[in-house]
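These notes open a run of structures that come right after.
Note that chain A is present in both complexes that follow, paired respectively with chain B and with chain C.
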Partner chain A sequence: MSDPDATSSDGATVVDDPQAPSLVERLQQFREREATVIGLTAIGVALFPWIFARAPVISDLLLGYQNLAALMLIWAIFAIGFDLLLGYTGLLSFGHAAFWGGSAYVAGIVSLRVSSDPIVMVAAGTIFAVLFAWVLGYLSLRRGGIYFSILTLAFAQMLYYMSAAPLASLTGGENGLTGIDVSPLFGSFHLESELPMLAGELLGTWMYAFVGVITVAAVGIAYRILNSPYGMVFRAIRENEQRAKFVGLNVWRYKLMAFIVSAGFAGIAGSLFTIHGSYVPLQSLFWTESGEIVIMVVLGGTASLFGPILGAGLYLYIENIVSGIQQLQVPFTDIVLINDFGTYWHLLLGLIFVVVIWTAPRGLWGGLSDLRTAVESRLRGEDR
Partner chain B sequence: MSTDTDSNTDIESTDVSNTRTSTTASDDVLLETRGLTKEFGGLVATDDVNIRVERGEQVSLIGPNGAGKSTLINLITRRLEPTDGDIQFKNSSIVGLDPHEVVQRGVSKSFQTASIFPDLSVRENAEIAGLAAENGAFDFKLLTHRDSLTDVHQRARDTLEAVGLLDSADETAADLPYGDKRRLEIGIALAAEPDLLLMDEPTAGMSPEETNATVELIEEVKQALDLTFVLVEHDMEIVFNISDRIIVLNRGRVIAEGAPEDIRGNPDVQEAYLGGADL
Partner chain C sequence: MSLLADVMIILLNGLQQGAIYVLLAVGLSIILGTLKFVNFAHGALYVIGTYAGLLIALDVSLTSGKLREWGFSTIGLDLGFFAALVFVPIVVFIIGVTMERFLAQSFYDRPDTDQILVTFGIAIVVQELFRVLFGSNSLPFNQPENVLAIGGFGGIPVSGPITLPIIGGFPRWRLWVIAITAVLVGIVYALVEYTDFGLIVRAGTRDAEMVRLLGVKIDRPYLVVFGIGAALAGVAGVVGGPLSVVNPTVGTNILVPAFLTVVIGGIGSITGAVAGGLLIGLVQATLIGLPSVTLGAFTLNFSPWSQVGLYAIAALVLLLRPQGILGSEEVAP
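Then we have the complex of A and B:
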């Protein structure tokens, strides 16, 4: 079985011969591939903050900083989960702000009233998101297509208005939830403090290490789900929902599971967002957050494991760094091209989005894989 | 069509069903509809349809366009809710069940078009059907790798072998030639090892060669799996060749029922179905 990112490219070239690898061998291959995926993710996550924020020349060019690196991973977790629903199952939710913001609030409220242990905060936020998704999914999945999208949007907006006024005593209303305290990890490691020695140089803070470990775990779990029977059923539902029903699958329950799993990822990410910022803005429940995650995933590439991570990173980069550029200059000169360049970041993002979708409908990651396949076949052709 | 013909055929159908009722033991009856009626607004699509399908039988459902054949199939597969009447499968009612529950009880359907999972590989197509058959309608194994599900793989392999697509197992289903897509479609329906297979025009849109191959496939599968078929088909040659019994529908009613040779010579059927031409 080829991995989900390369189904079409691998599938066309491999021809099943009588000496096809046995199931045991295939399972062995899978284990190795899984270890590779998780290993490479771990290496990437470990090197990223150094390259982004501290490496000579590169980090100066990128203008990256430590805090943003962690925030990118947090959104990446959200995006991975969202792609399970949008890219693999083919369901467009416009209400995932409810799980992102909802779990952020729950983590914050738990910290203020129960325990400020970061692990307890993440667990509480995630459990909330999963249970809440059960209810919202149950109500929204009654309808398909655009009606499902609108229902999720409506429920999420209801939560937004609930937090703004009726629940203001709990949520801080318009001001958001402030004064959130986060205890040291395992009672001894302050998240804001530097890691010792080489780890400190590479990863920076305990905060990043905490977020990074959860990110790698999230990638591992998502990879497992995509290669489990679920992953196959999810794609079957996306491909042909009616046929999936008529092979005897309870499509409705599988869709509900996809919804709950994706909300679980959003819950982990939302809780980390609170831990990371020590603050929950009311904005985190607003519908624009639901829109942002859709843009990130589509930009990066749906139905791939790493596309959404790429999309989340690029989006946050433009939002946080490009928006801060005062003047766009021709490199290594003083010639100013555009003044107040940063204020146009929404426009720039829109342009990038349009160009990417025009040239690579499967997003940046899909475009890159197509490019790789094309180059490979070109090379193979020249060898002959 | 004249009212004269209608009253004649009514008498005919009553006669036929009476003789059937008296001669069949109820243990052998796999599927039975009782007074099955479906109305769309004012239009009656099936009108008091009583049919019986016995285990091991190969029944064809024929009739002119709009006779209610597809409606009847859709009622049995629970895509449509009947206005009135009952459907018994293995002596229990399936009215009120979800479509996937009907499949889990042993009724599979092959569609009029090649209804497959286009972006997945041929093997994955068969595995999805195998998964539903082995693990039921829903399973909680979120983190089990699918290559560890030996039963599912074996079943998928057997299915692809049965429909002759094992050599194309790694191809993307969308890239198959049309005839192979239809074979895969039938394979998906067979993977569940159903007791009853409903086939809605399995040769629609096929070339003569593909049609022949499909008819052979149906014959093979019938012998290998001891399947019961209900076939909706327009190609009379196929119908007369592979059916044990033919049920003729017209305007939502059963107008005749019997062995191919009886139906071929039945003047009412000729009148209703082909406007008097020879079958």
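Then we have the complex of A and C:
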């Protein structure tokens, strides 16, 4: 910055003071502030359904609809929680379907038998997920590495088979849990009804607002955890578990806590899923559901706050919208590339997933942030 | 029927159910033990085995899927079951070897989680390929009637009931599954325990680096181990296919019990895989076979718990003996 030529070349005015941060650095500081993260998330969540489902040209191109927007946020909450475990602590659980599906069932059963208040349902589902994770984590974390993956997988499958047959009187067995009622939020706002005025145009339904507020809160909580000393320990365990142990940290306790916190997120999401769909399929406990969340998080990008959200959105988009596309055409022509394009959606997703793991283990968000770093260093280089 | 006959039937059913798990678990276990590679695509190899067996043995009429749209209303070589039993392991062996060369090798140095993720992705791709080609409907895999029926020789009957002492009628095919498994696992065991090839493999399980330093080219034995593991999964697909329906999701359904068998038995141990598979199979068959108990107004029926029991046993074993029944502490990762 002391080079006098630089000032003349880009015409900057603040460069004379060597202590002043450059524009890029100030932008970075601004971006990393907690209020910014939460504020931007809130704005994103507020604008998303309008852009996705109602904006003039864009929504027609995207073929989006309101209901899917809310579902994307629900899975995004699940994905954020899962990334706390996979991306930050480095533990790959193949049993999160137990928390997602389990809390969905608990929320449904509570609604049928106790109270159909949405807040009670979410609370009950989340408490179940947390307590269940305590037990499962205690058992599964006895062995590390692949044992952990296999044990979580096994215990989750156990819950699946429990709800399939022995507990069928409670869970509805193969048919899933049906006939779930959700009473109005705070006793007065029907979740399916439109919000008043501008909010109605932007957010759509009370359902979306309810899910949206919880999503923003989830992002905030995750951000807090990750940027606290506690969250730093998670990362230390991922980087080198043995060293973390030698420093004197109780690694086992932190791993258990990471597992429980991530299950808590899954619990919130699972209960919201019941409220959103008024139905719990048995499939929600099967281990392929755990696989889905793994794919979402890895596709979007592990070890980032927004990667999993991106991944969840992308997965649901392919699952619900791309799968409906009948013919893939060359744009603006009638040339048909592939007939029945929609039937290949899962195959396509599997292939993308394999390619991402193989070549870019940091996922889409990792790719984006690499791009950003490259641009920033270019800008910095010109600053100098 | 006497109590003894009931017990015998439960034992035989358990052995048969366990046999399928054993075939899968032995392959998984030796791959995991020697190559330290976690293969979530093992279920996919089972699916490949089942479909390949179906297409070699029979002429299948398709009801949905792309192949039907492309004009194959029936497909298959109709060569009979024995041909399937011979050719499928070869086909799946080649697939396994290809997988090792092009997939597994680039992941040996990467974390366990990446191995799990990439093989999980491969499993999805294989499952979806079969779904696209053959449709998601279940295809019937009829039990073979006779094998090796050539000319005047009527062949060896393998289907229908067989009369056994004490028990009476028992499905003949189930006994064949047990026999085929016993022979194949015996061969693999002998190969690993009593040959020079096995010596290298076992040494590599203990300390691969040391074996390399001694000048042994360990890559080729590794390749063969992967192929053998895959071939066993293929055989499991062929012999297990006729016992249930054939559809693209059978692989994802059977993968979890197979992994459980490995973990219960102890990673890297063939005898452990056998013990684990038999334990799981017997527990499952026992819960299915137990008569319901009535306590006052409350009737306890055991068969819905059969799948749950499998996992409960697994949890119990792992709590009491984390390294598995016959696993040793130092080999397990």
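Simple rule for what comes next: the second predicted complex is superposed on the first by the 340 of 384 C-alpha atoms of A that agree within 3 Å, B and C clash if a C-alpha of one lies under 4 Å from a C-alpha of the other, contacts with A are read in each partner's own complex, and residues count from 1 in each chain.
Methods note: contacts are C-beta pairs under 8 Å (C-beta built on N, C-alpha and C of every residue); 3 or more make two chains touch, one makes a residue touch a chain.
Note that the coordinates shown come from a computational prediction; the quantities given were computed from them, not determined experimentally.
Enquirer: Just to be sure I read the superposition right, which of the two partners does A:Arg372 touch: chain B = first, chain C = second, or both, or neither?
Expert: It touches nothing on chain B or chain C.
Enquirer: A:Thr288 in the overlay: touching chain B, chain C, both, or neither? Say first, second, both or neither.
Expert: It touches chain C, and chain B stays clear.
Enquirer: Tell me the contact category for A:Arg380 with respect to chain B and chain C: first, second, both or neither.
Expert: In the superposition, A:Arg380 contacts neither chain B nor chain C.
Enquirer: Look at A:Phe246 in the shared chain and tell me whether it touches chain B only, chain C only, both, or neither; answer first, second, both or neither.
Expert: Once the two structures are laid over each other on A, A:Phe246 reaches chain B alone.
Enquirer: Taking the superposition as given, does A:His190 touch the first partner, chain B, the second, chain C, both, or neither?
Expert: neither
Enquirer: Of the two partner chains, chain B (first) and chain C (second), which one does A:Phe155 touch, if any: first, second, both, or neither?
Expert: After superposing on A, A:Phe155 lies in contact with chain C but is clear of chain B.
Enquirer: Report the residues of chain A in contact with chain B in the complex, numbered from low to high.
Expert: 1-2, 7-8, 10-12, 14-16, 23, 26-27, 30, 221, 224-225, 227-233, 235-236, 239-240, 242-251, 253-254, 257, 261
Enquirer: Using the touch definition up top, name the residues of chain B that touch chain A in the complex.
Expert: 77, 98-100, 103-104, 108-109, 111, 115-121, 123-124, 127-129, 131-133, 135-139, 141-150, 152-153, 166-172, 175, 188-189, 191-192
Enquirer: Which of the residues in chain A come into contact with chain C in the complex?
Expert: Chain A residues touching chain C: 86, 90, 92, 94, 139, 142-143, 145-147, 149-151, 153-155, 157-158, 161-162, 164-166, 168, 287-288, 291, 294-295, 298, 343-344, 346-347, 349-351, 353-354, 357-358, 361.
Enquirer: Contact residues on chain C for chain A in the complex?
Expert: The touching residues are 32, 38, 106, 111-114, 116-118, 120-122, 124-125, 128-129, 131-132, 252, 256, 259-260, 263, 304-305, 307-308, 311-312, 314-315, 318-319, 322, 332-333.
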